[in-house]
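Next up, some structures in C-alpha cells.
What follows is chain A paired twice: with chain B in the first complex and chain C in the second.
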Partner chain A sequence: MSAVAYTLVVFVLLTAVATALFRDVLSAIVVFGAYSLGMAILYTFLLAPDVAMTEAAIGAGVTTILLLLTIARTSRPSSDRIFERVNVPALVVCGAFLVVMLATVLPATEAVGDPEAIAWANPEVTGYYIENTYEDTGVQNAVTAVLAAYRGFDTFGEAVVVFAAGVATLLVLGREVFA
Partner chain B sequence: MIELLASRYAYALMFVLLAIGLYMMIANENLVKKLIGVNLFQTAIFLFFVAVAYVEGGSSPVVPADPDPGAQLIASPLPHVIVLTAIVVGVALTAVGLALIVRIYAEYGTLREDTLREVRADD
Partner chain C sequence: MSYQDTYSESQVILTAVKIIAPFTLTYGLFMTFHGADTPGGSFQGGAIIGVTVLMLAFAFGIEPTREWLRNAVLVGLVAGGVAVFIGVGLAAMALGGNFLEYDRFFEVWGIRQKWGMEAIEIGGIALIVAGVVITLFFATAAGFTPTRTDGRGEDE
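Showing the complex of A and B:
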C-alpha cells in the first residue's frame, strides 16, 4: 500500500464530506465530480482498470452532466451561508451506524489484498476464468470476456434496464398533449 | 485498532462513505443533494467489491495468451464485472430520479423537501 493510495483515501474522504456539507448545489456537484475521479484513481490502485475507466467516464462524466442539466432546468438555492446546517439527529443515527459497522463487521473481514479474501472463497471458480478465458474467447482481458462472452445474456439484460430507464425518463419528462 | 484500520483501509473507507451517503439521504433537504447521496452510497458499495477482488502484489485481470496456471496472482475479474454492470444501471436510475425531480419542480416550483411538504399540505 503506497503513500499515494493513502493520500487518495484522504482526498476521497474530504471530497465526500464537502459534498455532504456544501449548501450550494453547484459546488456540491463539482466536488462530487472530483470525488468520483479520486475514486476512479483508487480503483486503478486496487487493480481494477476497467472499473476505473467506467467510473471516470460514467460516474465523473455522465452523472455530473445529468446533475448539471437538472439544476440548469430547476433552481439553485442562493444563500450567504457556505455550509449546510448540521442535522444532529441524522448525524447521531449515521454515527451509530458507522460505529456499529466498524466495531462488528470490520474485524470479521480479511485484510485488503489477502489472497484468502472472500472473492477467493472458491478458488476454482475464479481460477477457471483466469485459466480458460483466452482459450474460450480469444480475449486477453478477463473482465471483457466475462462481460461480453460468458455472461453476454446478463449484459443484454443490463441493456434492457437502460432502455427501460430511457423510456421512463421520456415518459416522466413528456408534456401532456391534451392538458 | 490502528493496525486493523491500516490493513482494512478500503473496508473502513467504505463504511465511512456509507455513513456519509446515508446522512445525505436523511438530512439534506434539497432533492438533488439527496440523489447525490444515493450515488455516493453506491460508489461505496463498488469500492467494497473492488477491494474484495484485489490481491496484494497481483496484476490486473488481463491474462497472458499462454497462461501458466497458478504461476501468478491476478485480481479476480468476477467482482469487476458486477461493478461495471452496477455502474451503468446506477446512472440509468439517476437519470430517472433526476427526471422525476425536474417534473416535481415544474409542478410545485421547489426542490426543498420541507417546502414541498407545506405546499402539498395546502392543496
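Showing the complex of A and C:
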C-alpha cells in the first residue's frame, strides 16, 4: 500500500473516533459522511471498486441524507461541550480488548494482493469463477457473474429482503405521515 | 404553479444541482447498463439513480418532487423489479431448467446467457434499489417543511 493509502487509513480512524466523540449530532453525521467517503476511496486502493461504489453511494450519500432528515425533525440540545465525556474505565477495557485482538489477528493477516493468501487457496471455487466466467456467462465482470448467475438465487433473496424492508417501512410510516 | 416548499432563496443549491444532476443520472444509467463488463452494476447504478432524485428533491423542494413521483409509481417500480426477477427465474424453470438457469434461454430461444443476467440486473435489481432509496427518503421526509428565515412555512 502506498503512502496515500496509509494516510487514508489514518483519516478513516480519526473520523471514526470523531463520530463517536462529537456531542452535537449534526457534527457527528457530517464526520460520519467523511468517514464513508474515506472508506470508499480506501476500497479502491484495495482493488474492490464494486464495494467502493456501493460505499460511496449508500454509505456517504443515502445514509447521510436519511440521518440529516431524521435529526432535522428532532430537537438539537445546545451544549457548550464539543465532545462527549469519556468513560475512562470503559475506554481502558475496550482499548485493552482492541490491542489483544489486533495482536492476535494482524500477524496472521496476509499482505494485500499476496498470491499465496488464503483467499486464493481454494481454487475449486474462486479459481473456477475467475477462469470460467467469460465462457459460462459471456460477461467480463466476474463480480456481476457471481452475483447474477452463479449465486443468482442468493441475490434474489437479497432483492426480496430490500423490497420487504421498503414495503414494511412504508406500512409503518404510512399511517402517520401519509394519512 | 408555485410551491411554498421550494428552496427558492438558495441559488447555490439550485445551481449546483442543476449542473450535477444530468451527470449523476448519466453515470447511474451507465453503471446499470454497463455493469456486466466494468466495475459497478445495477445495485450501485440504481443507488446513484435514486440519489439523483434525492438531490432534485433537496433543490426543488421535497413535497413538489413527491407529488411528481407519486407513491403508487414508486411502489410499482419496486414491485415490478421483484416481478421481473421472479419472472426470469420462473421462465427458466418453465423451459425445463433450474431457477435462473440462463442456459435454457440459449438452448430454447437462442438468447445468450448474458441477456438473462442483464434482464434481472437492469429490470430487477436497479429498479428495486432506486425505488426503495427514493421511497425511504420520501417516507422519512414527508410532512417535513423547513422553517424559513422570514418565518414562512412554520405553520404548515
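The criterion applied here is as follows: the second predicted complex is superposed on the first by the 168 of 179 C-alpha atoms of A that agree within 3 Å, B and C clash if a C-alpha of one lies under 4 Å from a C-alpha of the other, contacts with A are read in each partner's own complex, and residues count from 1 in each chain.
Keep in mind that, in the parts below, contacts are C-beta pairs under 8 Å (C-beta built on N, C-alpha and C of every residue); 3 or more make two chains touch, one makes a residue touch a chain.
Owing to the predicted nature of the structure, the values given are computational and were not obtained by experimental measurement.
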| item | value |
| --- | --- |
| Fit or clash - chain C, chain B, common chain A | fit |
| First (chain B), second (chain C), both or neither touched by A:D136 | second |
| Which superposed partner A:A3 touches (first chain B, second chain C, both, neither) | neither |
| Which superposed partner A:I58 touches (first chain B, second chain C, both, neither) | both |
| First (chain B), second (chain C), both or neither touched by A:G152 | second |
| Contacts of A:T169 with chain B and chain C, given as first, second, both or neither | both |
| Comparing the two partners chain B and chain C, which touches a greater set of residues in chain A | B |
| Chain B versus chain C as contact partner of A:D50, first or second or both or neither | both |
| Contacts of A:A103 with chain B and chain C, given as first, second, both or neither | neither |
| Smallest distance from any CA atom of chain C to any CA atom of chain B, in Å, after fitting | 7 |
| Intersection of chain A interface sets (partners chain B, chain C) | 49-50, 54, 58, 62, 66, 69-70, 73, 140-141, 143, 145, 147, 155, 162, 165-166, 169, 173 |
| Residue ranges of chain A touching chain C (in the complex, touch as defined) | 49-50, 53-54, 57-58, 61-62, 65-66, 69-70, 72-73, 136-141, 143-145, 147-149, 152-153, 155-156, 159-160, 162-163, 165-167, 169-170, 173-174, 177-178 |
| Residue numbers on chain A that touch chain B, as the complex places them | 1, 6, 9, 12-13, 16-17, 19-20, 25, 28-29, 32, 35-36, 39, 42-43, 46-51, 54-55, 58-59, 62-63, 66-67, 69-71, 73-75, 77, 84, 86-87, 90-91, 93-95, 97-98, 101-102, 105-107, 109, 111-115, 117-120, 125-127, 129-131, 133-134, 140-143, 145-147, 151, 154-155, 158, 161-162, 165-166, 168-169, 172-173 |
| Residue ranges of chain C touching chain A (in the complex, touch as defined) | 31, 35-41, 43-44, 47-48, 50-51, 54, 58, 71, 75, 78-79, 81-82, 85-86, 89, 99-100, 102, 112-114, 117, 120-121, 124-125, 128-129, 131-133, 135-137, 139-144, 146 |
| Residue ranges of chain B touching chain A (in the complex, touch as defined) | 4-13, 15-20, 22-24, 26-28, 30, 32-33, 35-37, 39-40, 43, 46-47, 50-67, 69-70, 73-81, 83-85, 87-89, 91-96, 98-103, 105, 110-112 |
